[in-house]
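First comes the structure, then the notes that go with it.
Chain nomenclature is as follows: A, B and C, assigned in order of appearance, with residue numbering initiated at 1 for each chain independently.
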Amino acid sequence: MENLNLFIRSIFIDNMIFAYFLGMCSFIAVSKNVKTAFGLGIAVTFMLTITLPINYLLQTYVLKAGALQWMGEEFADIDLEFLSLIVFIAVIASMTQLVEMIVEKYAPALYSSLGIFLPLIAVNCAILGGSLFMQQRGFENVGTAVCAGAGWGIGWLLAITAVAAVRERVAQYSNVPAPLRGVGITFIITALMGIAFMSFLGIKI
Amino acid sequence: MSNKSVFFNPFSKNNPVVVQILGICSVLAVTAKLEPALVMGLSVIAVLAFSNVIISLIRNTIPTNIRIIVQLVVVAGLVVIVSQLLEAFAYDVSKQLSVFIGLIITNCILMGRLEAFAMANRPWASFLDGLGNGIGYTIILVIVGFFRELLGSGTLFGFQIVPQCVYEMGYVNNGLMILPPMALIVVACIIWVHRSFNKDLQEK
Amino acid sequence: MNKQSNTYTLLYIIVLVAVVGTALAFTSISLKERQQNNAAADKMRQILASVNIEANGNSIAQEYEKYIISSFIVNDKGERIDNEVDAFDLSVEAQSKTEAAQRLLPVYQCKLDDGEIKYILPMYGAGLWGPIWGYISVNSDGRTIYGAYFAHQGETPGLGAEIEKPAFTSRFAGKKLFENNKFYPVAVVKAGQPAPEGADYVDGVSGGTITSKGVGAMIDNCISPYSSFLESLDR
């Protein structure tokens, strides 16, 4: 139950785009049309769901102060927390590479639709942000990490698809002032949607 | 390109934030107040300049297939050093910035400059490029931070700017300015102004 | 040497990791002491803030020495207990998550300029976005609150974040912890809504409903175990 709450909370209330504004670079660049936006969203969801539990395990059993206790008492007061950033980013970068290779080999159709987005993901702040939030909040177990990861990913997917749909319409039907066209108006659309998403804050789950 | 244009271009004509649209996340998150915005800018300048130099120095030895990972490791190392320094010498600010210092690693400006410039240029030019882009980024950060703190809290660097008598006449701080969505709107306004003066940047 | 060969790549990674790892370990170890001092000074500042003493810069440690005359640990029956970890170094976060009966409860005894004794109790809880924490100071008879200090990690600026402002913390001064000799934690209620029976209450911050509720829950969770200790002060 706890985890289900967290999952829903991560999608709507703690939305990576509208509440934390993470992963904006690729968000702005790729939200020109719904189809590619959806592809990137799926890739981000996938990466968040697998990297978060891996980083959680590393954090709990290797990095945290006293985490190495399972190796013996003399390791109990080692604190490797200062390495966590580098470990997290290495996990994310190598997982990206690994997933790219696996998908390319076993699901070529998926690869051709996702392929170009995968390398972009290593530097998507939302993925690293997820791991850092996990560390900051001190999740209880792996299940929590998986749920939060999946929730954040789906929230990101939802956000990029919604904004892409609005952008498609705006590009076709609206007469936007020339200097605002493209990036400028996208910022404003995202901001307004962000304000709308704040109304979820009042929901208690 | 001369060294001079490498250094000055990112200030406006090729600004990393409003033209290249890189590194937006941190612009939104840390600009509710001017002070953290400035510290964040300075941290990015330092990390960007030094990672550019390091990558430029070792650019000919890096195996191409693990290029991205090498860049990330170098950047991550520098970021950790910066965050440790902040924690030791500017504790209050490091608490305010919390996870966003870590997110410098995935600040797209860094990876963008490393890929586009440092991998192909000599160390000195790369250093200037890093410095220039860092400053260009900081300029935007400071402008956004200035408006958000002034309109949202009536202060600058924590000092009261809007006089008390104005409040007594019924003026209220705009609480919306402190919320992250307003940073997007401020950036959009900067883009608007910037592109009205630089017509060649306008999109169709 | 062939730059694309696997041996080269592997060697490269090993050398890179070794160099970066050494550099990081070096900075981490050489700055550790300073960082710990900073964290300790910040904690002292917060403790002093709950009895309305403002300290900053280098004077924090001196002021702390001057005002905080002792610190000790009690259990939920109000008995002092010996513990190998000092009260100051005890993690309130870890304690707040355990069963009330097993908790180690730190107390700071403070002597103000006018000779009055106050007891300062630490708290830790959850707000809307992340952790919130604080300190409540209680008068020497253990019956009423003297002052409070709250801090947060990332509550919404202008809404939930207002809990750290004096406008909110000053509302706690003088609130009663006991009614008819029965302990009630101070409740935080939404303005205009009825308070729970028996308990004294303060108004929450406007627009920060969830953060205010978090503060109320934190007081309930962290101060209630002290009830026996506070009761014993009166005798």
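FYI, a residue touches a chain if its C-beta (ideal position, glycine included) is under 8 Å from a C-beta of that chain, and two chains touch if they have at least 3 such contacts.
What you see is a predicted model, and the numbers here were worked out from it, not measured in a lab.
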Contact graph of the chains (line, ring, star, complete, other): complete
If you tally C-beta contacts across A-B and across A-C, the winner is A-B
By Cα centroid distance, the chain farthest from chain B is C
Taking each chain's mean CA coordinate, chain A and chain C are separated, in whole Å, by 31
Whole-angstrom distance, CA centroid of chain A to CA centroid of chain B, is 21
Note: chain C residues in touch with at least two other chains are 20, 24, 27-28, 153, 156
Check: chain A positions touching at least 2 other chains come out as 82-83, 86, 136
Each of the following residues of chain B touches two or more other chains, namely 69, 73, 76-77, 80, 84, 98, 179
The answer for chain A against chain C in the complex is residues 14, 82-83, 86, 136-137, 201-202, 204
The residues of chain C that touch chain B in their complex are 3-4, 8-9, 12-13, 16-17, 20, 23-24, 27-28, 31, 34-35, 38-39, 41-42, 153-154, 156-159, 207
The answer for chain B against chain A in the complex is residues 21-25, 28-29, 68-69, 72-73, 76-77, 79-80, 83-84, 98-99, 102-103, 105-108, 111, 176, 179-185, 187-188, 191-196, 202-204
In the complex, chain B touches chain C at residues 32, 61-66, 69-70, 73-74, 76-77, 80-81, 84-85, 87-89, 91-92, 95, 98, 152-153, 173, 175, 178-179
Within their complex, chain C touches chain A through residues 20-21, 24-25, 27-28, 128-130, 153, 156, 209-210
